[in-house]
Each structure stands twice: as C-alpha cells, then as structure tokens.
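Multiple structures follow.
Next come two complexes, and both contain subunit A; in the first it sits with subunit B, in the second with subunit C.
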Partner chain A sequence: MNAPALPKASDYKSELKPVWCPGCGDYHVLLSLTKAFAALKLRPEEIAVVSGIGCSSRIPAYTNCYGFHGVHGRALPLGTGLKVARPELTVLVTGGDGDGFSIGGNHFLHACRRNIDITYVVMDNRVYGMTKGQPSPTTEPDWDSALSPGGTGVRPFHPLVIALASGANFVARTFSGDIKGTTDTIVQAINHPGFSFVEILSPCVTFRPDQRGWKSVVHPAPVEPTDDAARAARRIMTDDGFNVGVLYRGSREPYMVERAKETGEPAQFDGMFEI
Partner chain B sequence: MTNAPGPQITDLGELLAYAHAIEVDAMERYQLLADQMETHNNRELAKLFRELAGHEEKHAAKILEQAGESGLPVIEESAFHWLGTESPEAADLDAAHYRMTPWHALQMALGAEQRAFAFFDHLVNTVSEPEVKKWAEEFRDEEAEHVELVERLLKLHPEPAEGWDLDDDPPYLQD
Partner chain C sequence: MFFFIIVKSYEYTNLRSTDEFCDFLARNLKTGILTMIAQHGEQAAISIALTGSGGAGVMTAGGLLLDAVGKHGCYGLQTRSVGPQIRGGESAALLRLSGDPVETHSACFDILLALDWNNYTRFSAEIPLNASSIVITDPAVDAAPETIAAAGCTMVELPLKEMADDISGGRVNMIALGVAAGAIGLPLETVSGLIAGKLASKGEAAVRSSVACVEAGFESGRAIADVPKLAPSSHSEASVRWLMTGNEAAALGAVRGGIRFAAAYPITPATEILEWLAPALTKVGGTLVQAEDELASINMIIGASFGGVPSITATSGPGFALMTEAIGLATAAEVPVVVVDVMRGGPSTGIPTKSEQSDLNIAVYGLHGDAPHIVVAPVSLADCLFTTQWAAHLAEAMQAPAIVLSDQFFGQARMIVDRPANVAFIAERKIAERCDNDYARYAVTADGVSPMAVPGTPCGQYTADGLEHSVSGTPSSSAEDHLKQLAKRRTKIESHDYGVHWAEIEGEGDLVILTWGSTAAPVREAARRARAQGANVKTVAVRLLAPLEVETLHAEISGARGVLVIEQTESAQFYRYLRSQCDLPANTRAVHQPGPLMIKPEDVLHEIMTELGR
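Up next is the complex of A and B:
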C-alpha cells in the first residue's frame, strides 16, 4: 500500500501562468519558494506572500497561498501588519531591488529594526525591468545603457550590510539558478525567528543580458555563518558580491507579537497615555 | 552553488521512484517552457516544448506501469539526491529566450538527456545490489537512445546566425 502523498512544489502553484521573460531568474525563485513550502509541509492557507510593485512582485499571484500585491515599496509594512494581526501565518514579503531599496528603502531599515518574525525575499537584478531598464539602487555605477549613458556614477546600495546594521536577525545571499541552495536557504530563513532577509541574485536577461554570466561566477561562501553582526558585515563588505549561502544568524528576540496583542482593546490604551 | 553528495539507492522501488521523478520534473519543465513561449507568441517553440513534455509524460507513465500494483515508494522532494543541484533531465531554464529557435530548444533537450544518462551511468557504477544495477543499466541505455535521437533531430535544425536574439524594442511583461 502506498504511503500518504507528501506535499509537492506544484501543490503551491496557482493556475496563473507567469508572464516573466523566458530566462528570467524569477522563474527559479518561484520554484524554490514552492519547494521550500513543500519541504516545510506548510498548507497553502498557512502562508501569506506579500509584495509591492515590479516584475518580481507578481510572484504572489503565481502561488495559491494567501497573497497581497500591494503598492510600490510598501510590501514590508503590509507584511508587518499582517504578521502582527495574524501571528500564526507564515509571512513572506517578496519583491525586487527597486521596490525594496529605493521606493521602500525606509521601510527596509525599520523592518530590520523591528525584527518581526517574517521573511523578506528580494530578487535583485540591479535594474528596473518592468519599466524597461532604468538603473536601480543596486546597479553598478559604471553600467552603461541607453537610459544611463556612461553609468550613474552613484555608489550602489549594499542591502546585506544595511540589513545587518539595522538589526535583521538572519542574512543570506543566494543565486536563483541554484534552486536547491535557494530552497534550503528559504527554509532556514523561515525557520529562523525574527526578521530574515534573503537577497537572491536573479538575472534580468532582457535588460541585463550580461547577468547570464552570474551562473559561472557565484560560489559558496567560504566560511560558516557567524552570529557576530560586525564580523558578518566585514566579510560582506570585502567579498566579491557573489558569495552565496547563509551569512549571519543572529539571536535577537523577535518583536513580541503575542504581548502586543495582549494589550487588548483600544480603550485600554487610554489609561496608559494619561498625563 | 550547492554541491550534492549524489544518490544512495539500495532497492528497486527507490530506483523507480527516482526514475519517475526525473521524468515528471522533465515534463513539468518543458510544460513551463511551452507556457513561456505561448505567452511570448513563439508558437513554433511552444509546440515543440509541448511535444517534448508529452514524451516525458509517456516515460513517466511507463515507469508507473513497471512499478506494478505496489506502486512507487513515497519520497519527499527534498530527500532526492541528485548529482547536480536539481533533477538531471529538467531543461535549463536559464537558457530560454523569447526569440529562441528549435536549435536552441534541442540543445536544451540534448543537455537534459546527457545529464540523465550521466545520472544512471553513475548509478550503474556505484550501486551494489544486482537488480538495481540491472535496471539502472536499462534506464541508462534508454537515455543513450534519447541522446542519439536528439542529435539526429539537431541535424535537421541548423544553428541560427548571430543576431537571432536582437530586438530593437524588447518586450517586458506580457499582459
């Protein structure tokens, strides 16, 4: 007699077909996300996938979990609010580098500080793909394109270091083409208490065809993850940008959602604010 | 990149479960590629990928038949150990392009069949249980036939000239 069926990645996919360009790294990320959900044996109704705006932010629609395709840059506030209201849900916030680090940059800092138990997955392709190829906060300063002749000359944003400095409790970098590595990392990120940040290098093959070469330059981080944020930051600041793996596992207590809920009805706050 | 330790297969049921997973993964990957090509209006490639998916579906069904009434043992997706980072016959999604030609698709298929051949060849050379080895040899020989078939098909579809992917107004999301 056969054993009961185990969850499969395909159990978490919706009927909608992705509209990303063929070759886009986000297809791999969708596969990794759904494989991670299967590995964790979560039911779709136990998961919420929240996003902002951009190519990668379409990902909630391609899963059959709860989803919220929010406004530009505001995915983290949405995810934060959802987790506070429904702490039993596994909340993933997803999006791209422009949505997360430019339009939503301020929210990124404070989500790290707040350390709510959510996982933030950023598909970083160093370009605004949906609007046809403008440089993003993580674009190299000398990236020459029709929309940025000669490059922007602006120092790129360093999300992993900013996350560490701001208090994220788990920091990792993966490459979308490494489906197994990305799946394992997402599983670890979800299981780790507090705010987990996973930067996925996810090539935009249409506006950054040079990124097809990432496959041959990514490599496993040569060191074990550390619980020392300063050491992790130094490593990340001095690596070549293509180290993949879990880079930091912190031990900060997550924001106490349960305690916040115990405060009760709004009327109960009146006494707390008496002068 | 993740380096997998490779499979440790000790009984026939497990081997059939691996072989079935390989074919199902290959089928799903070709279906995904066919969907991509339909979305981007590359109908010739959509049809080709659907045909390839159909072949893999038949192979998966044949393995189920071979498993007989007892069926296949249930193995968690995350418990499969491949030689690389994923199931060997899953076509390389990275290589897709909305203007790709049959030559590109067949190159993808060739790579997939060659990886599947290498996987079963590895088993033939590493498993000790005689029945498992015998079946692994059969699967390896089938994959060798598939490699030959794709190589023959490639002779009918020459490599396109340089510039096949040039597009003055590249698309973005297809709504």
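Up next is the complex of A and C:
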C-alpha cells in the first residue's frame, strides 16, 4: 500500500484570482501561508482563515480552507469566538495594518493579553491600499498623501512592541519576498501555543513604490529568539525596523475558558427559581 | 380600600378579581345604584414602597417581603429605584402583592414605609400617594416632607429606630419587614421561617436578632388600623410558582433553546443575563468569553456560530448601536446569532436604570442596506424565557440574526409567576453533513435556507463574506447575484411559518389595543378591569415585531370600532412602525409616553373608557 501523497501548497489554494495588483507582496504571503499549511500537513477543512477588510483581508477566499471575510477591524474577535467554540480547529487571523492597528487596535491589545491559541498574520505595507493610498498607523509621519498633505506628522505605531507589552506569546517579523523565511515563521507561529503575532513587511507597489527597496534592506535578526519580553522589546525598539525572524517566544499558558466538563441538561436550573 | 356591599346586585358575581370588583363598584357608585360602607379588609392587590438611605437595607427587606409572599402562596412583584451612587445611596423597594398574578405596578401606593426621608423627592414621582395611602414613619429619625401631608395620607408614627436599638444586633430594615408583614396580614411564622433559612449562613446570632426585629415590628404593624390585607391565594396547591427576573428568564430561555456560547460586555440593565449565563453555560457544555467591547462581543458570537455553535450576546441601547454593523454582517453572511437588547431610557447614555421602548426603531431599521432579520419582544416578564428560546430557534432555523427587545422593567423586576411551560423549541440548523465538490453555501432554495457546512466538514470549505457573493460564496458585484441573494435572504425570513406565536391576544371586542413589551402588562390588567365593567376590549401584544405579520394583524383589527396603540416612547415609534405597514383605521389613536415612568393600568383604563365614551 502506498503512503498517502504529501500535501502540496497548491492543495490549500482556491481557484479564485486575487484582486491584488501585479507585484503586490500579498501574493508571496499567500504562497508562504499555503506552504506552511502543507508543511504542517493540516487538512484544509480543519483550518479557518479569518479576516477583516482591506487588500490583504481578501486572503481567506484565496485559500482552500474555511474562511470568514468579516467587517473592518473585527477579525480578531471573529477568530476568537471561533477558536473558543471550536478549539480543535487551526485558526489564523489575517489582515493589514489599517484593519489591525487602527480600527481594530483595541482588539489587537486584548487578543494579545487574552493569549488565545491563534496566529495573527498582519501584512504591513504602511498604507491603506484598498481606498487608494491614505496613511495608516504604521506610515512614516512625513509621507505625503491627498488626505494628509505633507504627511501626518504623527509618530507611527510599533506593533511588535505593543504586542509584547500586551502579552502576545510569540512575536516575529518577516518579509513577504522571503518565502522560505516567512513559511518557516508561520509554521513556528502556528505550532507555538497561545497568541502568535507575525508582522509581514509586504510591499504595496502601487501606492508605496518606494517599498520595492525593502528586499535589499531586510536582514535576518542577528540574535536568537528570546523568552525574555523586556530583552525582546529593547531589541525591537532599537533595531532598524528591517530585522526579520522570530523575536520572542513566551511561555505563558494559553487562554483556557472554563471548558465544560459537565454536559448536563438545562432542566437542572429549574430548581433555582422554584418557590 | 375595601368596600362592603349592602345592596343587591348579581352582576358582581361574574367579576374575576377584587380589582375588577372595585372598578365595578366605582362605576355603580357614580350611578347611585350602590350604598356602601367602607371597611378595612382584603384587597385584590396591595402596593407597598419601602424607602431609606444607603445601607438602610430596604432592598433586602423588600426582597424578603416578596419571598415571604411567595412562601405564603401568593403572587407579587418587586422593582427598585436607586440613586446615582454605585453602592449605597438612597433606594426604594416597590412591591405589589396579590393573591392572583400581578405583573405591573398600579397608579397608587397603599403603604409607604419610610425608614428615613433622605432624598425622598428623588423617588416621589415613582411612588404616587393619595388620601387613602398610609404612610408609616419614624418621627425620631426625620420629619415627613410637607408634600406627604398635603396628599392627605394617613400618617402612622412608629419608633422604628428605637425598636431596633432595643434588640441586640437589631436592624431597622428587619423591623420594617415585620411592620409590613404584620400590616398586610402575612403569618409571622412564614416570615421568621424564611429569615431563619436565608440568614442561616450569617450565624445563629444574626438569625436570632433578625427574627426578634421581625416579631417586634410585626406586632406594631398588625396594630395599624385600616390597612388593606393580602387576599388569600387563588393558586391551587398543585401548581408550581417561580420567582425570577426577566433577565434570568431570558438567560434560561437561551440555554433551553440550545445556546452554548456567549460573549459578554457588561452594560446596565442587561448584565445579569450574562452573569447568569457565565456559570450556567459551563454546566451544559458551553462557554462564555468576556469581550473587550460590544464590537468584539457581537463579532465573537458570529465567529462561534460560524463554527456551528448557537450563540448569544446581551446588551442595551448604546452597546446595541455599536453592534449594528456586525448584525448586518450576520445577515449577509447568513450566520445565526441572538442579540438581546434590554432597553433603557435613551438616546445616548440616557437613563440606564429605567425602562423605555425606544430602541424599536434601531432594532427594526438600524441595519444598513436591505437587511432582513428577526425582531421579537417578550410580552410578559415570564415570557422573556419563551421569547428568547424562540429567538434562538428562529435564528438557527433561518440562519439569520434574531434580536430580542426586552426592557429594564422586564429585565430587573423580580416577579412571582406560574412556572413557565417547557416548550420544545430548540436550535436546529440546516447543516450540510456531507459535501461534495459542487457544494454551494448560498445555493438558492425554495425557502431561502441553504445547508451550512461547519468548519471541519470535508469539501464544505467556503468563505463566509459580508461582500455580496455568488451562490458559492465568491465575492460578486453583479446585479444578478445581488438580486438573487437579497431575495434569498428576504424569502427565508418572510416565508417562515411563525405559527401562533406572533402575538398574545386576549379578549374580543370593538376596541382593539395594540401594544408590545412591558407595556403589555398594564394594558392586559386594564383590559381585564374594563371587561369586568362590561366593556369589550381585545388586547394584542405583538411578539414578532419583524417581520410584521401584516395580514394576521389586519384580521385581528378588522371591524374594530377603535384601535389604540399603546407604548412607552416619546415619538410613538410603534404606532409609526405599524402605520408604515398596516392599514390602521383612520380613528386609530396612539397613546405613548417615554420612560422613566411606567404606563399604569389606571392610565390605560382611562384611555379605554375615553375611547368607549364611558
């Protein structure tokens, strides 16, 4: 008898053609994601990919997994509810920097501190692409746009540090063009218990053509991952922003809801009310 | 007060309750048919208010009084009125007690028992008094406000504080409990037995001093002249009564209906639903997660339900407003969820601790786009159980959001009710158990409901989407797909057979009263009293607010000489909503007032009599 064929990345891709621009970094993220699923030998029907709104949030339908393309900014609660209700599923939450750090910022903080066993993949291109080029929370303060002429003048948000400070259990940064590194990081993130946060620098070639240069500036983090959040935070806050690799591996217990061991009948409650 | 009839009349033997009897008397008194001698005795229902400053324990005393009435075999309800303080501060326990079920306050309080008069004016509008009211007060603590004397109430002065001080560990609220029990004729042993049970955990000394206080108060209370007495119970030994709040009832209904996941963000006056569910769900194989805000709680339940687990959240107006975007998502992606909105005074923060029915508009119209969904409202406190259970069933059957519009009165009043029936409704979703490669999540079917694959099912993979989509779930902006999917989502809501549950209807008559929610309680009581006076009145308490059963409603009002629409809003939302879909007779009249004051049976009775030209 032959052993079953090993799964391939293409087994996890749908036939749907992405809406993304040619050259968009998100194509590479989709490839890395499906390669990671194959490497983990997960069954497509046991994976759920959940997202909000934005270019990168279109990714669920491009996989052959169960997907949920929800409303803007609320992907993390959607994924949280799904994971708590169905803990045996592998749940990935995906999206962009606007969806995750601006409109969804509060959920990001609380998902990190709740430390539920899901993986959050953010494709950060430092711009709102779907609405044609407005500054996001990670955009440089002097980036000129129609909505903020001359730049926002506002300091960018630092998602990795915020994730650490809020209690995420696994923190990594990758570059979309580094398919092997991104695949490997996503595999580690899924395998790591608790809330895993992967920030993928994923260029927007249309509204941020300058990001084409990212491939020449990214470099592997020159250090081993640490389990010391303070040390990880110091490294991340002092690096050049293009350090890629796993930056923090924590050992917090993942969130466990009071999972019912009892499966009693509702009739047991009647006695609470009887006079 | 009660009246003793001298004159012959056979009509009264048909009267259902002493309230009806009193109305009958009042009507006939005017016509001079009857001669009467006022005499103290039993009364159909007794209204009692206990007031005091923070820490005085009036809510405890009021709660125990209602418990004792329950033990005695009677019925009653208790509401609370509190100051703005988080803890402490003045408070009032408002009770109405009876041998028959009572489900609303009446227009006048028979007894006001004031432990002190601190900030009494904050409640005075909620505790209407008249010349037949008895006010029990302790002159050593505080002088009664002049408005009390001006109302012509009978003042009874008792040294409540001194009585408590005379008992080691004595507390004035327990004295008051004894006074109230003695005054209305509850058996002493019922009250003291109850205390022994309830306070057992506080130790023998606490029980002993509390019982001593109750005994001392009881004697003083019994000695007060002309106090109406609690009428004997009409309830048979065999029937079982429950004491519950509407929030508890809604939570139990959810669990009975198959709900096994809840996401929670606290908000007054809905929190108790969530706090009841938190431990209860774990006992039936479910879970509850506390969310970071209402945006999270609604999205969490959508995620859980997408996973195949029937899910609920509960909130009030401000939280509901935050949830509306995601309720639209649940509509578009066809994910069943139940959202309970326990309405309070609005808009904005409004009056969080008081009831109002002003979220009707947002519940039926608040979603963007053409978004058919289900809106139901309990027609009584006990019905919070059935209606929430039904909502879970409807949501699951139609794979759509169901909104339950409860309100603060239902949610937080404690009421003794006949045990609610155990109905069979249980969440049953049309699931795609096995899929092949042609599986289309949003396939157009005759009833609009298509089998849903839950994650884990091989070959069932699809992406649920708020974007308009084709039958397979693929995002689509084509006119054809939009038209098909809009019609599908509308069809499943419109073609569902809601059975007889769309409304609770009582009586027959030329005059039809359309009402909903907690306003249905005073409407029902008024209609019964009107019928006892020979008036033909039909009441229709609408449970299914959306989709409105227009044809059935038309049948109920056809031929009516008059229609009254009664609700607790300032802008007549229910009346306007009905007008937007129904052909109401030209002489239909809207009777509406906002919270925080509740519509009283006497208000409705007056409207009925006006309408009938009596």
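Here, the second predicted complex is superposed on the first by the 251 of 275 C-alpha atoms of A that agree within 3 Å, B and C clash if a C-alpha of one lies under 4 Å from a C-alpha of the other, contacts with A are read in each partner's own complex, and residues count from 1 in each chain.
Basically, contacts are C-beta pairs under 8 Å (C-beta built on N, C-alpha and C of every residue); 3 or more make two chains touch, one makes a residue touch a chain.
As the structure is a computational prediction, the values presented were derived from the model and not from experiment.
**Student:** Output check: A:D184 vs subunit B and subunit C. Expected answer is one of first, second, both, neither. What do you get?
**Tutor:** First partner only.
**Student:** According to the stated criteria, A:C21 is in contact with first (subunit B), second (subunit C), both, or neither; which is it?
**Tutor:** Only subunit B is touched by A:C21; subunit C is not.
**Student:** Between subunit B and subunit C, whom does A:E274 touch in the aligned arrangement: first, second, both, or neither?
**Tutor:** Touch status of A:E274: second partner only.
**Student:** Would you sort A:A146 into first (subunit B), second (subunit C), both or neither based on which partner it touches?
**Tutor:** A:A146 contacts neither subunit B nor subunit C.
**Student:** A:L78 contacts which: subunit B (first), subunit C (second), both, neither?
**Tutor:** second
**Student:** In the superposed view, which residues of subunit A touch subunit B and also subunit C?
**Tutor:** 58
**Student:** Residues of subunit A touching subunit B in their complex?
**Tutor:** 2-6, 8-10, 17-23, 25, 27-28, 35, 38-39, 55, 58, 129-132, 175, 177-181, 183-184, 203, 205-207, 212, 215, 218-220, 244
**Student:** Which residues of subunit C touch subunit A once you look at their complex with the stated criterion?
**Tutor:** Within the complex, subunit C contacts subunit A at residues 70-71, 240-244, 248, 252, 255-256, 260-261, 263, 280-289, 291-293, 295-309, 311, 325-326, 328-329, 333, 416, 419, 422, 453, 455-467, 473-475.
**Student:** Can you check the complex and tell me which residues of subunit A touch subunit C?
**Tutor:** Touching subunit C: residues 16, 43-46, 48, 50, 58, 60-61, 64-71, 73-74, 76-86, 88-89, 106-107, 109-110, 257-260, 262-270, 272-275 of subunit A.
**Student:** If we count contacts the way the header does, which residues on subunit B are in touch with subunit A in the complex?
**Tutor:** Interface residues on subunit B, with respect to subunit A: 1-4, 28, 32-33, 35-40, 71-78, 82, 85-86, 93-98, 100, 170-175.
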